[in-house]
Amino acid sequence: MKIDDGQRFFSIFSAVGPSAVAGESPVEHHLKLRVRYHEVDGQGRVHHAQYLNYFERGRVEMLRELGHSYKEMEASGLMLVVRQMTIEYLFPAEFDDELTLTTRVEKSRGARIQHRYRLLRERDQQPIVAAASEIACVDRQGNVRRLPGWLQQPS
Amino acid sequence: MKIDDGQRFFSIFSAVGPSAVAGESPVEHHLKLRVRYHEVDGQGRVHHAQYLNYFERGRVEMLRELGHSYKEMEASGLMLVVRQMTIEYLFPAEFDDELTLTTRVEKSRGARIQHRYRLLRERDQQPIVAAASEIACVDRQGNVRRLPGWLQQPS
Amino acid sequence: MKIDDGQRFFSIFSAVGPSAVAGESPVEHHLKLRVRYHEVDGQGRVHHAQYLNYFERGRVEMLRELGHSYKEMEASGLMLVVRQMTIEYLFPAEFDDELTLTTRVEKSRGARIQHRYRLLRERDQQPIVAAASEIACVDRQGNVRRLPGWLQQPS
Amino acid sequence: MKIDDGQRFFSIFSAVGPSAVAGESPVEHHLKLRVRYHEVDGQGRVHHAQYLNYFERGRVEMLRELGHSYKEMEASGLMLVVRQMTIEYLFPAEFDDELTLTTRVEKSRGARIQHRYRLLRERDQQPIVAAASEIACVDRQGNVRRLPGWLQQPS
């Protein structure tokens, strides 16, 4: 739980992750976003809660690129719920900024998926936020369920 | 940055923190909230990004209880910006639930404040989320500034 | 659909409405709100979409004051959906402002409820917005349903 | 202020508007949107306040297409603020729906712009909402200002 200042989260993101070690190509998705007016707060910057919505969109679009629909997954009775989220805010994004979100699956086994996120400002590659989340698969009653096969990483 | 599953964040919250060790009464604030309809997502639960807005409100109301106004602080040219946030989602809150948010200052020195947050469902004390954040004091140009004296903890 | 500038909406609100004419005491509800930080946009003012969330809260709290729970109503299979909304923005509210929302049922018959809303800044009674909405009662399939008896006005 | 049910707002939108009468090509902008997860409420439908954010994005993107930046306009000291908004909710949009927003300038003179909006579901052209707004140009102190020349329609 301690976050060591000398060991910045962002650097971890770009490091070689476990999936890469295993010789698999890590699942990574890139999404362009433009900051909308209502996402900005009274400081003229993207409100810090807003980035979680960007990450969510990254996960949905990554699934779509892999040929799956999160909407259909929910319709089938399985939901993905966020269990843990850690965000480092590195630099403020502003209204109308074009951003690039990289969403990466770090690990996907059993009932859980670990993602990492990196958000850069497009024009100069300025890092904006870096984040990690753990997501669990549950059914409509909230019981933990194994991820569908297509969401499991080969072991 | 690693979050050890065996060392759950929530337990850390209730443990004796550094400020308590020092013999100071830790600054702690309690706020009652009721979940609004638009805060709930398609799963019928509070959207996970929404909790950051609750924490923000906790910080503002804690300042007010201490006799200060965050609005006036911003008018004076100093802003508090979130640098880091970690959240554990323990149980879903639903529309109309009454919640109690406890906001606690863990440490407040130099230009930074560390808070911890605990959100319980009021009717049965069910823990909903636990979180920690690090906040920095900056001026309008984004330069880091020492916290005003009244925000500094005695050392 | 035409909104005549010379016949300001706000004045209509305070005029004697149809329910008052009929000799009934119109159902009116007052709610105190404080503007939260994340509700404010880059202009330092409450974002114009945010007021609809305030009105929604006004409707929910009005029902509660009348001894009913909107949550239970939805659990029973009936939902209230907004069909039409008209808002006049009169003066900007800012972060931390204390506001008073008056929600009034103008008409409630068949499957529809008409509300009017007036939002004032508490410290000086400055009018902030005035609005009117039409809400319909539907079931889970979206079919229009008669309002439950307790939501119908006596004719 | 009265909205006549027999004279549905949506039909007005598709009628020949004043700008078309004058022989000018009306300024119209089309934008594709996909409904994000956090925009949906507990009924599984886009929350009714969310559409105002879509309209705002329509206005910003229309300006961009015309070669202007709303961000630069605000930086120059002029802001566009919503004075009035009327929305008819015709059919609920759901998570992941692809929508097409048409934003049209009805009138743009002096300090005010009138827009109309029409939002359709792309796959079957199902109308979702229709709306109209009046926007005013103000300076940082909130004083009404003439629109910049490039925002004025030829008379």
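Which chain is which? They are A, B, C and D, in the order written, and residues in each are numbered from 1.
By our rule, a contact is a pair of C-beta atoms (placed from the backbone, for glycine too) under 8 Å apart; a residue touches a chain by one contact, two chains touch by 3 or more.
Please read these numbers as outputs of a predicted model, since none were measured by experiment.
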Self-contact between copies chain C and chain D, residue sets same or different by half: same
Chain separated most widely from chain B, comparing mean CA positions: D
Rounded Å distance, chain A centre to chain D centre (Cα mean): 31
Inter-chain centre distance, chain A versus chain B - centres from mean C-alpha coordinates, in Å: 23
For chain A paired with chain C, centre-to-centre distance based on mean C-alpha positions, whole Å: 37
Chain D: positions in contact with at least two other chains: 37-38, 42, 49, 53, 56, 95
Footprint of chain D on chain C - complex, ascending: 1, 3-4, 7, 9, 12, 42-43, 48-50, 52-53, 56, 74, 79, 81-89, 92, 132, 134, 142
Residues of chain C defined as touching chain A within the complex: 37-38, 40-42, 44, 47, 49, 95
Partner chain B, residues of chain C touching it in the complex: 36-38, 53, 56-57, 60, 69-71, 94-96
